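Here is the structure we will look at.
The letters A, B, C and D name the chains in turn, as written, and every chain counts its residues from 1.
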Amino acid sequence: MSVFSEYKDCIAEGDLVLVWISRDNIKPIKVDSNEVFNTRYGSFPHEMMIGKPYGSQIAIRTKGTNKFAFIHVLQPTPELWTLSLPHRTQIVYTPDSSYIMERLNCSPRTRAVEAGTGSGSFSHAFARTVGHLYSYEFHQPRYEEALREFKEHGLVDIDKNVTITHRDVCRDGFRIRNGDVTSHLFGENETEVAVGADVVFLDLPAPWDAIPHLEDVISKDEKVGLCCFSPCIEQVDKTIEVLNRYGWSDLQMVEIQGKQFESRRQMVRTLDDAIERLRDVKRRKNEGLERRKRMCDSLLNDQPEADETVEKRPITEKTKFNPFGKGARVKEGDANYKWKQVTKVEPEIKSHTSYLTFAFKVANQIRNEEAIQRILESSESK
Amino acid sequence: MSVFSEYKDCIAEGDLVLVWISRDNIKPIKVDSNEVFNTRYGSFPHEMMIGKPYGSQIAIRTKGTNKFAFIHVLQPTPELWTLSLPHRTQIVYTPDSSYIMERLNCSPRTRAVEAGTGSGSFSHAFARTVGHLYSYEFHQPRYEEALREFKEHGLVDIDKNVTITHRDVCRDGFRIRNGDVTSHLFGENETEVAVGADVVFLDLPAPWDAIPHLEDVISKDEKVGLCCFSPCIEQVDKTIEVLNRYGWSDLQMVEIQGKQFESRRQMVRTLDDAIERLRDVKRRKNEGLERRKRMCDSLLNDQPEADETVEKRPITEKTKFNPFGKGARVKEGDANYKWKQVTKVEPEIKSHTSYLTFAFKVANQIRNEEAIQRILESSESK
Amino acid sequence: MDPLKQLAFDQHVILRLPSGNRKIVQLKPNSSISLGKFGAFQVNDIVGYPLGTTFEIYYDGTHEPDLKNKNRTPIGKIRLMPRSENENAERNQSPLPAELANVLSSANNQQLVNLGNDVQGLSTAQIEALKNQTASGEEIIAKMIENHGTFDKKTVYSQEKYLKRKKQKFSKFFTAEYLSSSAMLQFLLEKGDVQRVMDMSQESLGMLLNLANIRSNGTYLCVDETGGLLVYFLLERMFGGANDTKAAGTIVVVHENEHPNLDLLKFSNYSDAFIKDHVKTVSLLDFFEPPSPREVEAAFTPLPKDQVWSLKAGKKNAYYRRLKWYNNQRQIISLAAETEYDALVVASTLHLPQLVQRLSASVHGSRPVVCYSQFKETLLELAHALYDDLRFLAPSILEIRCRPYQTVRGKLHPLMTMHGGGGYLLWAHRVIPAAEPAAT
Amino acid sequence: MDPLKQLAFDQHVILRLPSGNRKIVQLKPNSSISLGKFGAFQVNDIVGYPLGTTFEIYYDGTHEPDLKNKNRTPIGKIRLMPRSENENAERNQSPLPAELANVLSSANNQQLVNLGNDVQGLSTAQIEALKNQTASGEEIIAKMIENHGTFDKKTVYSQEKYLKRKKQKFSKFFTAEYLSSSAMLQFLLEKGDVQRVMDMSQESLGMLLNLANIRSNGTYLCVDETGGLLVYFLLERMFGGANDTKAAGTIVVVHENEHPNLDLLKFSNYSDAFIKDHVKTVSLLDFFEPPSPREVEAAFTPLPKDQVWSLKAGKKNAYYRRLKWYNNQRQIISLAAETEYDALVVASTLHLPQLVQRLSASVHGSRPVVCYSQFKETLLELAHALYDDLRFLAPSILEIRCRPYQTVRGKLHPLMTMHGGGGYLLWAHRVIPAAEPAAT
């Protein structure tokens, strides 16, 4: 079974595991009891993971410094995989892929076509959800890499729900025939795969060249949904033109904008405290002036040393009242201060990925009149 | 002096005043001691406003119901005017106009060209800030209405900083000559206005037709900034093409997105309270069951009436513990409950107004070599 | 007929009207459905066509006037909408709708002076008469353009705006769509039930489903204050509307009130039996204070079947009542104390830190915790609480917004106004903290 | 020469570099300015040209190598950048840069296999040699394309990306711009001073200036924790950089520490005298607890001028010290107790409800109160406080965001990544509540 399609309880030898080091450092590993996972914080023998439940924190003392270091070991999901995967191309991120899947109503009943495979990020999300995914990749090295990866992840195999095909769909269309470079294993008398897709996702520089070929592989007796993923607005324009020409309707282009927020704290600094601080500074300044004057006077007048204890206070100290910890390094959330919870958007936001152009098609708008009559008659006879 | 360009202290007869009834109901009135301002909450005689400082709340008791009703009287600003003005066309809202003004570095030194005038929303903001505004409107009734309004607002007059001209700038350009339909009052030997604009704002359906005419009116010895305001992306495309052709550079198109949030409160409903409530319901249900059983038993057994007081509690009451005021109408912020401050975006947001395309031009990239030499020599001799 | 592909009898479907509004209807055999000003039709006339088909209602003058109720919309006939009309955008290169092809237009509105309704040559009465005749929406609109005094003074842009408005007013067509969870959400939002659905949006829910890794064969713990909408989203993702699925998968709904509220599921096309199999409910009280297994087992012991059969009628009934109680108690114990869930999905207005932290005790390691809230501020409080709790990995607050465009060639731009809101998500993973290893 | 139109000696200007980075420099006569890898130039060569001019630095081989410091950038010559290069976008219809006109390209990257740097025929050493010769950036890039092994296997899109990257690396041009307040903000953000400028954005500041109705002849109360940036924005809007303005207008800055921090104003081109005239500062303590006028008047009485003249030297000095103190105290009293401000503008990390409510006592009726904050949550708290205070009308929280596009024909799209942040604004008006009229 695929580690992506089955919930696993404990980590076993040979499992694909995602090691969470930090938010932007998640590494896939294949568990091997002879191996060690190295980070700059310390080394974690795979042995420590085996038998532990997924989600476990693995903690060590580092050799040299004897510091506490840890990682978390997670079971892969398509969304975590997207955060960790090796980029072969620009990838489709979860805000886009999740919207596309929801808008095209993806479920175990779905038969989906995806071109191109790219880094396989969206393929994993599709594979988790749909009945079958037909993925196409035109770039030979990327095709081979994706095929190997999908096999390793248990997505491509007999009984599995992903088929990947090496193909320039813009030139050669979507039909998968015996002899093509594809992961599909043809049966004895099988000459062509019956794709019958009801969901189509095109992540291609020129989707308009691929759209005319879709007729060969889409389902004819139901509503089919399509999404084109294009970075530039001019691509959208050309896509709309061709979609209209080929009988797709209900066109709508949308953008998805995703933002992530950090949870932070800001010190609550009251006006009263700020004023009191200034008052204190002023007081001390005046005291300092007077003290200096008195010292000067006493020096001149040669008075007794009775006052000395009072005067010995260092005159450099400006203020003792320091409600905001100025000058010190105050840690956010320090219990000695009051804090207000605030959100902060990530410093760099993904302000644009691509435009999503949706369209739909019901190829054969016909009904079986006889079947309707039969149903009506049978219900009347009841 | 214009009520828009001079801070006034108190309301006087004849003043243009903005009456704030509610956030989306702001009405401009001309103060006239014989008039009454009517709202559906009550009638406010202008008399009550005269002599009061701007910003005053005017409060009355309504005649029939004797209810407390009030309005606020404000001095107009371009931003408040934008919220209250009669829409002759789509207007430029403050998030856009403020960004344009800032990006084009508007100040009292600015000489601005605006086409078209439209509802005059942006004209008021320009007039507040710039040295001079040349506004053009091609639609005759709108031109006349804007002219009347600008005069009333003290923007157009001798010594004032707005000139409005009736013109189809796409066809006839921007030059203002003696004999044109314009608010400019020509001097005796003056045949043409020396516009010399360093800021240009084009809110036109086809800005590309106007751009070639700009050469006549823009300043030549400094950097000139331009902004085109267009709702559709195809307009941006054509605009970019023409801007490139006419030597404008540093092109950048942006969108401004403005959101407004309401400050609200959400009741803090703890899990413990919710569980306690269920416990209470269950207890009462059990008690009810037992009570009914006991009443049944006592009826059958014909017991004394000693227990009656206890049993008379109405058995319909489901729970006495009602920490969240269920069933009652709880006002947001009711002091009997705990609340969390939350923000809520307005129910309908302006998701798009127009694309803003900026471009810049330095016409004459030359310097006065002699002047430079003189400065250098004089500084050396010091 | 496959009710997931074709319009089927007794199915709930959602109709899209020319105004852009939606309406949920059930396709009862031999009944009719009225769409008000957009006409009325016989259910039998549309059943069997693919879901997503657009139909036009037309009147050929043969319909019987309703003598009892003159205001009742007469039932028209149905034909398939010709495809060229059945589109938001134009098919051909020219962005000009056919209706405007032979009409003059102005380069701008310069000559246009607003005269209100006076420029429309047809009186309201004449238009009403047209409507009651055989005239289709298109014919009415064509007549109105013909009789419009200053139509040629408008720009093409203004003409198109006019046309669109009139089409929305006089066209009589509708599209019958599958009632997906997103369609139900859209319907409720348009209906004004924004608070009821906690201001959710399709994009936030789509993100929630993916982040929570929802799929068939999972067992999910869920708090749903929307009356079943969230549960419907989960069901659709897990089973795709199929009653005959072989897939396993369970949603356990923990509810705040004595009885769960999943009313919206009655519009779904899942059978009661299917829902009973795949959706379990348990109150917060029962979940956090389940009965003790020992007491339950002590109170009742199921009998072997043959012994039950031999019971007398009265006793048999009592036995089955007790058995039902026993099974119910067993189920509560199982859901509350014996299940490690594959995700926690929360959409609740209860104070989140307490709720999420306590429910998460039942979530398996490495599984996602996803919480929807209308307000970012409540998630912020939750995020800080989860940060301080070692059982949660990397809580993040997310905002997802979809921005739809007017998707017409030559006039592409984002919609000018949109419904605000859409809420926020918190995403974290349940993890199992390790004891700090002893210093070596 | 008008320093607001032309590059002037001793002026601070901001230089835009091919990398998109910015650099603030002062144009000292007879000095040179180094832009690192983008070359170095003589200030005298650019002064006098209009602000906004783009210059190219070129080396014709005549420059003296710096024998003492080989790493020092040699000073090149200046010429005006030909206008066709001086653009982000292409002039002509074809979206193809001239460099690619005679190069083959592929319809897609299908044939492209990533081989790292090996496909570049020129070695790093060869490129370095080219750079040290007379070669201009364009010549180097042309040579690199020529020697690129698989350039013809790239799509046009990929080729353009390559070209852009190389241009940023090897081009030697810069644009000398006026140092506006927005430019200064941009510079500080790029420099990484995000916290110092409270994560402000140009769009939020622009909105703030308009909402606060900032213009010449106003008297504004201001709290500025950004070291003077906010004050600079106000000054620019009020006076447009002109030292010789006849316009009145004052900014009163209330500061939290003993001394105000308006350090950034030293990069502005306003004279010290101008700033002294138009920017007054007073500490929070002095503002809220000003000296009593009676005590100040009792402590000192200014003498008529002729009496001052007749004072002896020592006494005269003492008199002037006392007079300075007196004027200072009088000014504090005037600013704190005798001025009704035309707007309150706040950018502070102090607890806002207290701060804004107390400062607003000095704001005239009908005048705006605008508060910038990096965080929406602190403004939310403020909004609730102002709602409960009848002196404030309709507090609103606003978010303004600018979304820039890659503005190239045929490849229009929003920038893929952007700096987050930009803060939020609260906008309200100061009003004067009326007593509830007696019931009649």
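Everything that follows uses one rule, which is that contacts are C-beta pairs under 8 Å (C-beta built on N, C-alpha and C of every residue); 3 or more make two chains touch, one makes a residue touch a chain.
For reference, the UniProt names are A, B = tRNA (adenine(58)-N(1))-methyltransferase catalytic subunit TRM61.
What you see is a predicted model; the values in this text were computed from it and never measured.
Here A-C and A-D were compared by C-beta pairs in contact; the pair with more is A-C. The chain with its Cα centre farthest from the Cα centre of chain D is C.
The mean-CA centres of chain A and chain C are about 26 angstrom from one another, to the nearest whole unit. Rounded to whole angstrom, the centroid-to-centroid distance between chain A and chain B, based on C-alpha atoms, equals 37 Å.
Note: centroid distance chain C to chain D, computed from Cα atoms, is 48 Å.
Under the contact definition stated at the top, the residues of chain B that touch 2 or more other chains are 233-234, 237, 259, 341-343, 355. Within chain D, contacts with two or more other chains are made by residues 376-377, 380-381, 403, 412, 414. Against chain A, in their complex, chain C makes its touches with residues 1-2, 4-6, 9, 29-30, 44, 47-53, 80, 83, 86-93, 177-178, 180, 182, 202-203, 205-207, 209-211, 213, 215-218, 236-242, 245, 247, 342, 364-368, 376, 380-381, 383-384, 387, 390, 393-405, 407, 409, 412, 414, 429-440. Those residues of chain C that touch chain B in the complex are listed here as 108-110, 113, 155, 157, 194, 256-258, 283-285, 288-289, 349-351, 354-355, 358, 374-378, 381, 403, 410-421. Against chain C, the residues of chain D that register as touching in their complex are 377, 380. Those residues of chain A whose C-beta lies close enough to touch chain D in the complex are 138-141, 168, 205, 231-234, 259, 266-272, 274-275, 278-279, 281-282, 340-353, 355.
Residues 5-7, 9, 20, 23, 52-61, 66, 68, 70, 72-75, 77-79, 94-95, 97-99, 101-103, 105-110, 125, 128-129, 221-223, 233, 236-237, 240-241, 244-245, 247, 249-261, 263, 265, 341-343, 355, 357, 360, 362, 364-369, 371-372, 375-376, 379 of chain A are the ones that touch chain C when the two sit in their complex.
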